[in-house]
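Quick one: the structure is below, and I'll ask about it shortly.
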């Protein structure tokens, strides 16, 4: 069942550690099958090298386990994002160190260069801190809610990632593989953003014209990057 | 004798360098057999690639060599911790660079995010500086004493690691393998803590509710992380 | 056709990722055949591991595709540099993190030590920000223009690299291979320059005598470094 | 001739890049045969992977080539150190990034922890800047002179390394292998020293008692570290 998607989610989870994006078991990738509305996600606490097609968790959008091991404790966050951001095909959550440091600092990552503009059309938001009530009651679901709240004035397809305040990042894309790429970009711009500030404290976002140029040479109908 | 424990301690010592937690021979791992009260520990000054089941040191709680090579010069610190923190099964000492930098700065590592809260229930303490007398007389034993002193108001099982002022870290756990995991976590939160401060100087600890949520979703009877 | 040059450009593109100078597909290397005035360059959006002698793009100096896949979107920048800096044999563009952070900070890299002086005879310039008109109209060509403008008062052979404001670096050399070496040097001096400033805020450039000594012991007719 | 020493110098040169201590060809290791007063040193500009027993340079203390390829341009510095620091058996020069950043900042590395105290009995000095005359006339020899000058009030055996102002480090030891170890230590304490300052600006050197304890538990007749 869903063998192709399982394979993609399996490879994406393993690529987290191959790309240096994860420590121990602190990250998980999921993918959704739009037809059946089933989500494949990393099982909770299982090391990446022990993941197989068989032990991956399959859950429905109500969070009920359909197949495999007990799913990641972050599953309710993933499920909410699939419901509220309907064109997403894959989601990555991980504690990669630079992005996590921005999340711990509680700061949005400003657009400081074209590397950022090539993938994220504007700053990468950090959510507001969660309230004590949100933390105590259905924490993982409420984590999804504060993420969605951060996208009130921006589009999830143009900004395919977020920092959860005091926690770490979530990234997404049309597929698990694209979500991994966005995670790589997020970590890289987090790193270069920190260094840029260290070189010049009062650094400003790049001009709108440069943001537009780089974002739209890669996205949308006037894009001209790549082979298509 | 104690072959299973020896194997675990051997692998744990080798994993120090595989995980980038050690330079040259600046780290050692031990494990205790509760039944016989014998401790297996890295021999002094032996490179990790030369460690074998045969040359590992076996000592009793009085520090007497029972088998193998001359034990690590840090053995008296390990032995004191086994005596005073009775539920510990394994201990790691290493000069990993981020944790050591906090130790050299003489600072506790505050709880700046959920990565920390997942493993350490509160800040990771730095001991007070040792006195000249403590340094000159039974230095390695007194190192154990200042560690124990730092745990007067916290529990060693909830905070499985410490920074020794001007020196480096000790971490522990129910086994040598768990102690290695805690060392990995300590180094990672030391790194992200430094970067978080660089991004936002006056960064505060996360709220108690978030600390509780993350610590207790992984520990204790209401935990729901992992497959059990 | 041009098999030797293709091979060199192929290896140089692959060496970008082997040397940790590139993330995803954010870099491209080209080489020129002076006889035929044909330029070999990385095709747009193709991962480094999929590059072959066959899919490399061959273009003439007017930017017309002669052979292979659609060339890098940065091709007009490369072509302008070949026209204006006639003794260049190879060009590298990449978003390596330290150099890119200086570009994002909009700063020249000063000569802070002999490592820099061994390869770059003076500071490594950062271009002025491009205007909205330059960005909107023929962006990649205009990127070349602002680079050339930055070399009004210095020689491109003595300073074989540049930072494009808010973007990333371009480096060059007598061949693609030498351009890769200059990219490695640029990234290394960008890194050490940042760290030097962190250790001593008001750090000054090294003395002219030391700059001359190191540059000219490796370059020009009085050089005495190496086997020739 | 001198096959054993050649082998050691060969391995030490190759270990520079294996330990991440060198970029391109920016480092060289030498060893001396006390009997014959011949020095084996890396040939100038040859990549580490092309080094063999046959192309290593053999020079006498007057700098005359006895065998092999043209020696490193830094040879006169090595030779002066062998003459003035008579108990040295091996020397390493390299531009490793953290040590070089301290050299570029023109600062001594203070003793901020026991890692440093285990190998260097006091701060690691940075030489004074060289004068224009020293730079223009016999530069590499004069580099040796300013190093020796920095040891007027300390012993080269207790402080087996130095930073040359605006340039990079030299380290030494009883053998080429020990010199490599001291280079590893120097780079590590340079890194942790920078980070310690970033965590606590006004950090002080450790107490004399702790410096003595750690240095002398590894060195001299009362040492008790290691298997002997």
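As written, the chains take the letters A, B, C and D, and residue 1 is the first residue of each chain.
The rule is simple: contacts are C-beta pairs under 8 Å (C-beta built on N, C-alpha and C of every residue); 3 or more make two chains touch, one makes a residue touch a chain.
Here the structure is a predicted model, which means the values were calculated and not measured.
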Walk from chain B over to chain D along touching chains and report the minimum step count.
1
Look at all chain centres (mean of CA atoms) and spot the one farthest from the centre of chain A.
D
Quick check on chain A against chain C: do more than half of the interface residue numbers occur in both copies, making it same, or fewer, making it different?
different
Distance between chain C and chain D based on Cα centroids, please, to the nearest Å.
33
Distance from the mean Cα position of chain C to that of chain B, given in whole angstrom:
46
Considering chain B alone, which of its residues make contact with at least two other chains?
198
Please classify the inter-chain touch graph. Allowed labels: line, ring, star, complete, other.
ring
Those chain pairs meeting the touch criterion are A-B, A-C, B-D, C-D
Complex contacts: residues of chain B adjacent to chain D:
23-24, 26, 43-46, 69-70, 73, 95, 97-98, 100-107, 129-130, 132, 135-136, 139, 166-168, 194, 197-198
Residues of chain C defined as touching chain D within the complex
112-115, 118, 181, 184-185, 188, 191-193, 195-196, 198-200, 203, 206-207, 209-210, 213, 217, 224-227
